[in-house]
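Okay, got some structures for you below.
Consider the two complexes below, in which subunit A is the common component and subunit B and subunit C are the respective partners.
What follows is the complex of A and B.
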């Protein structure tokens, strides 16, 4: 009797504490989501239909955009890993003070609006931008390189926007590695390269998984950067979703695009997590 | 039959900034010997070990292992085995993979790796844990695996860096015996770093006692215990009663000392020729003091009347604190003996042999 009463009281207290957050989530997230979902299931006459989804899967235009969105997000993840890993390793090896400074330096640009940062890239990467003028003046090239309004421009912009998440996730898992493991590997005969591939890399897997998942989902759903740095040539899913809802006013199709984005992101993140979290991974990193 | 010199340190010196951490360290270790570096934290023992391992380079001096000069040779090229205080097993590898790591780097064929891994796991008596991960093992098991991982590559030298410090008292004793057994079975030349004098006395053929970067004494456990070279060595190894005193007279190698506590005693001067009048510190170990009935005849031995202050039971023996003059001396007594039944306030006579008194000039450091 008393035991079940205790459980009840704990449950009631938990519900009371959660109530404000639950109300906000319900009103601002769950109801709009349900509304959007119902919307995506309507044909132009307001009848229930799978037409919007069928159209997305039959039309090569939309499938192409889905593929491009996935592809550029993967490139962004790879770029963040390649450029972020050395920074994270540097942070993990530094003293607390240096680590603080580096953390500030990589977070500082994010205090500025993403729109302004993207325009900064336009100044640097444009046809008459710094990079092209420098290379032309040095005589390395005789025509400006196309660095903007193409897929490369989008990946550069997304990498700049999200690399901070990768660096912080990697650094967190690199801090956790006991440095005496490197000594142990060294005395057993491992070179620096060998230590990196046999110790550092496998033990930073949780950081790689967390960072990649974050950067991938953020890149999939990014709107501003693809819109500004990809222009009309490199449209991504969030951009055409926006166009359908705000410009062509085809809300049902826009809603279906939004759910396509949600579904594909969720599916790919789940697949990636399953691939990384092998039995050994769970054995080593859980608990 | 003299064995060859396996390790030689020649006047090794290391400084960090203006801080001299190891100074003028010279040592020769024979093949198959187990030598401990013993001293309090900050004495330079770990720094010396790190220089032998190749994690640090000496500022000056030379390190030779198996006839090869090691200065400038990176640690992964030194063919050493090392065991760390924190075990340092690779958490993402199974026990077998941990042990095989060094063999894989040496491109040993797979079948031989398998054979050698299971052989070394037998040696440390843990053949059944090969497929477990380090975190599924107890602290003592982890350290055994770490030792196996170091031994399997058949190192020219085994370095043990405080391997027992993270274990509780019972396990520490068990593993201490295990290390002694492994050393006898494998015959590998071993350097053992510890701050625990009991471990050093138990395990080593020779002990290097260090303090503040300097070697205080190098000797067998018996020499270190019975013929301490400095006051530091005497006070760091075992317990001892300190009696500040002045030399009253010195004749025929026998000193007569007047202790500040208010009594006189005789002590051998051990060739140190201390002149009369010099201030010294005299020491007597608790197990060298005997208790006798008040007024008992001490013969040629030193004796002083005293009074029991308290008795502390410690298992096989007890410690009796006796007030003699203004000094309080600790006396070790057998628990089974009559003295264990003394109570505070009982009058006694303290008796000790002159040769059990160690006299130091009083200028050296103490532990």
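What follows is the complex of A and C.
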């Protein structure tokens, strides 16, 4: 058998096994994405035009919502970082059973529907929720705090939904730190604060970067949490995209919004990654 | 000597508690005898569990979700496993590209996959059908199966296969008696993970269901936007208990840490 016939046979066998998955991919993903892109380029008369995109970029309403979506996603990244770092550090310092339990406890809630977790937050944060009732009964406050159906509520919900990705990204980079560095620093008389800022933090930068981009992208496109915990007061890009598709039924504009969401997320993630990496090179090369 | 206070551990467990708290508060809330959500929950009763039985739409949605998740898991596991085998076993041009393509649905937000499916499925006439919803759920589950099985294959020992062929086994026998048993943990966790992915999904389903036939998470989501009462808590409790069974199964068969790509054993 010649070499080229061998390649062809391998290709044929592989395609036979790949066929079911590729058919699903084509029919439910690749063709629909291309079709949606064409739809976003249609004006009301069915003619090809950039009108939908121009409308989004000229209308302060849509730009305002884009800005709020970016802002709340950044807050979420920050919250995940602040609350995720101690958990990841604890995971890195413990071993065996304890680490296994913490890993389980951080991942397991993530496998339960976000609708249900958001409902739990409504029970905790609502006007007659656990926190407000407790504080009122203790006499700390005399009017319920507004913890829900505002930007705070959305950030709490998103942080709870995506913190697992931040913790796992951080933990992976913290596990890789050579513990002899700490011993060396200790011998040289470094305090634990100094050790943290000179060893732990710089060496966990790849984890911070990976976790942040992941949490940012997920927050930008989250629909359920802003809908349930932001209510009608805090509209984010996915929510108005949904409204255009399912309520006002303006599909071409909705499709353009979907690509605005996709494009702005990719652009910001790329920009962020580039910025961090250039800074790192500068640190390495110019001391 | 004074014992050092393990601050880091205390902070870490406080944060973990906050992450788990929304799930914990649901259980006592569901056992209230009051007509509204209140703290502390008044009285103890199972009346909100009995109420579930009066709401056929939730029971129907539960069976709909169950059927959808089972079919999704079966189809995604079969299609994903044989696709991963093809990528690992055969050397052919475009192999890397196909691998990237199979994982690509993971890089696009669920809401965009849902909208794209809706507009195209409407065009070909399967929007709002069970088939359309099933297709979309299989799509979002396949990448997980492919990734899990490829990870399983990376430590796969081909000498066993070769030995079996030498002893005269047919390719089917090799697949059944050697390949499949060695890949069992990866395939089973792919199945369970696909099931959970489908059973929990809201954002893709949102665009593909009809008002008369909807999935359970979506039924809860829609109800919650209208009314907030202990009925949501009792239904949620049932779903939590069910999910916990699957989560422990996944932990036993494969390990949640391995599933999410973290290695908890090595400490270098």
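The criterion applied here is as follows: the second predicted complex is superposed on the first by the 253 of 287 C-alpha atoms of A that agree within 3 Å, B and C clash if a C-alpha of one lies under 4 Å from a C-alpha of the other, contacts with A are read in each partner's own complex, and residues count from 1 in each chain.
Just so it is clear, a residue touches a chain if its C-beta (ideal position, glycine included) is under 8 Å from a C-beta of that chain, and two chains touch if they have at least 3 such contacts.
Note that the structure is a prediction, hence the values are computed from the model and not measured.
Engineer: In the superposed model on subunit A, is it clash or fit for subunit B and subunit C?
Structural biologist: fit
Engineer: Looking at A:185 after the superposition, I want to know if it touches subunit B, subunit C, both of them or none. Which is it: first, second, both, neither?
Structural biologist: first
Engineer: A:89 in the overlay: touching subunit B, subunit C, both, or neither? Say first, second, both or neither.
Structural biologist: Touch partner of A:89: subunit C, not subunit B.
Engineer: Is A:69 in contact with subunit B, with subunit C, with both, or with neither (first, second, both, neither)?
Structural biologist: After superposition on chain A, A:69 lies in contact with neither partner.
Engineer: Using the superposition on chain A described above, determine whether A:36 touches subunit B (first), subunit C (second), both, or neither.
Structural biologist: A:36: touches subunit C, not subunit B.
Engineer: Centred on subunit A, what angle do subunit B and subunit C make, from Cα centres, as a multiple of 10°?
Structural biologist: Placing subunit A at the corner, the angle measures out to 90 degrees.
Engineer: Of the two partner chains, subunit B (first) and subunit C (second), which one does A:255 touch, if any: first, second, both, or neither?
Structural biologist: Only subunit C is touched by A:255; subunit B is not.
Engineer: What's your read, subunit B or subunit C touching more residues of subunit A?
Structural biologist: After superposition, C is the partner touching more of subunit A.
Engineer: In whole Å, how close do subunit B and subunit C get at the C-alpha level once superposed?
Structural biologist: Taking the overlay as described at the top, subunit B lies 9 Å from subunit C at its nearest C-alpha.
Engineer: Take the contacts of subunit A with subunit B and those with subunit C, and give the residues found in both.
Structural biologist: Comparing the two interfaces on subunit A, one with subunit B and one with subunit C, the shared residues are 178.
Engineer: In their complex, what parts of subunit A are in touch with subunit B?
Structural biologist: Where subunit A meets subunit B, its residues are 178, 180-181, 183-191, 194, 198-199, 202-203, 280, 283-284.
Engineer: Could you pull out which subunit A residues touch subunit C in their complex?
Structural biologist: Residues 7, 10-11, 13-18, 20-22, 24-25, 27-33, 35-36, 39, 83-84, 86-87, 89-91, 93-95, 99-100, 102-109, 111-124, 126, 128-130, 133-134, 160, 163-164, 168, 171-172, 175-176, 178-179, 217-218, 220-221, 223-224, 227-228, 238, 241-242, 245-246, 251, 254-255, 258, 261-262, 265 of subunit A touch subunit C in their complex.
Engineer: Considering only the defined contacts, which subunit B positions touch subunit A in the complex?
Structural biologist: Touch residues, subunit B against subunit A: 53-55, 74-82, 84, 86, 88-92, 101-102, 105-106, 133, 135, 146, 149-150, 153, 159.
Engineer: Help me check something: in the complex, which residues belonging to subunit C touch subunit A?
Structural biologist: Touch list, subunit C to subunit A: 8-9, 11-12, 15-16, 18-26, 29, 36-40, 75, 78-80, 82-83, 85-87, 89-93, 95, 98, 101-102, 104-105, 108-113, 115-121, 123, 135-136, 138-139, 142, 146, 196, 199-200, 202-203, 206-207, 217, 220-221, 224-225, 228, 232-233, 236, 239-240, 243-244, 246-247, 250-251, 256-257, 259-264, 266-268.
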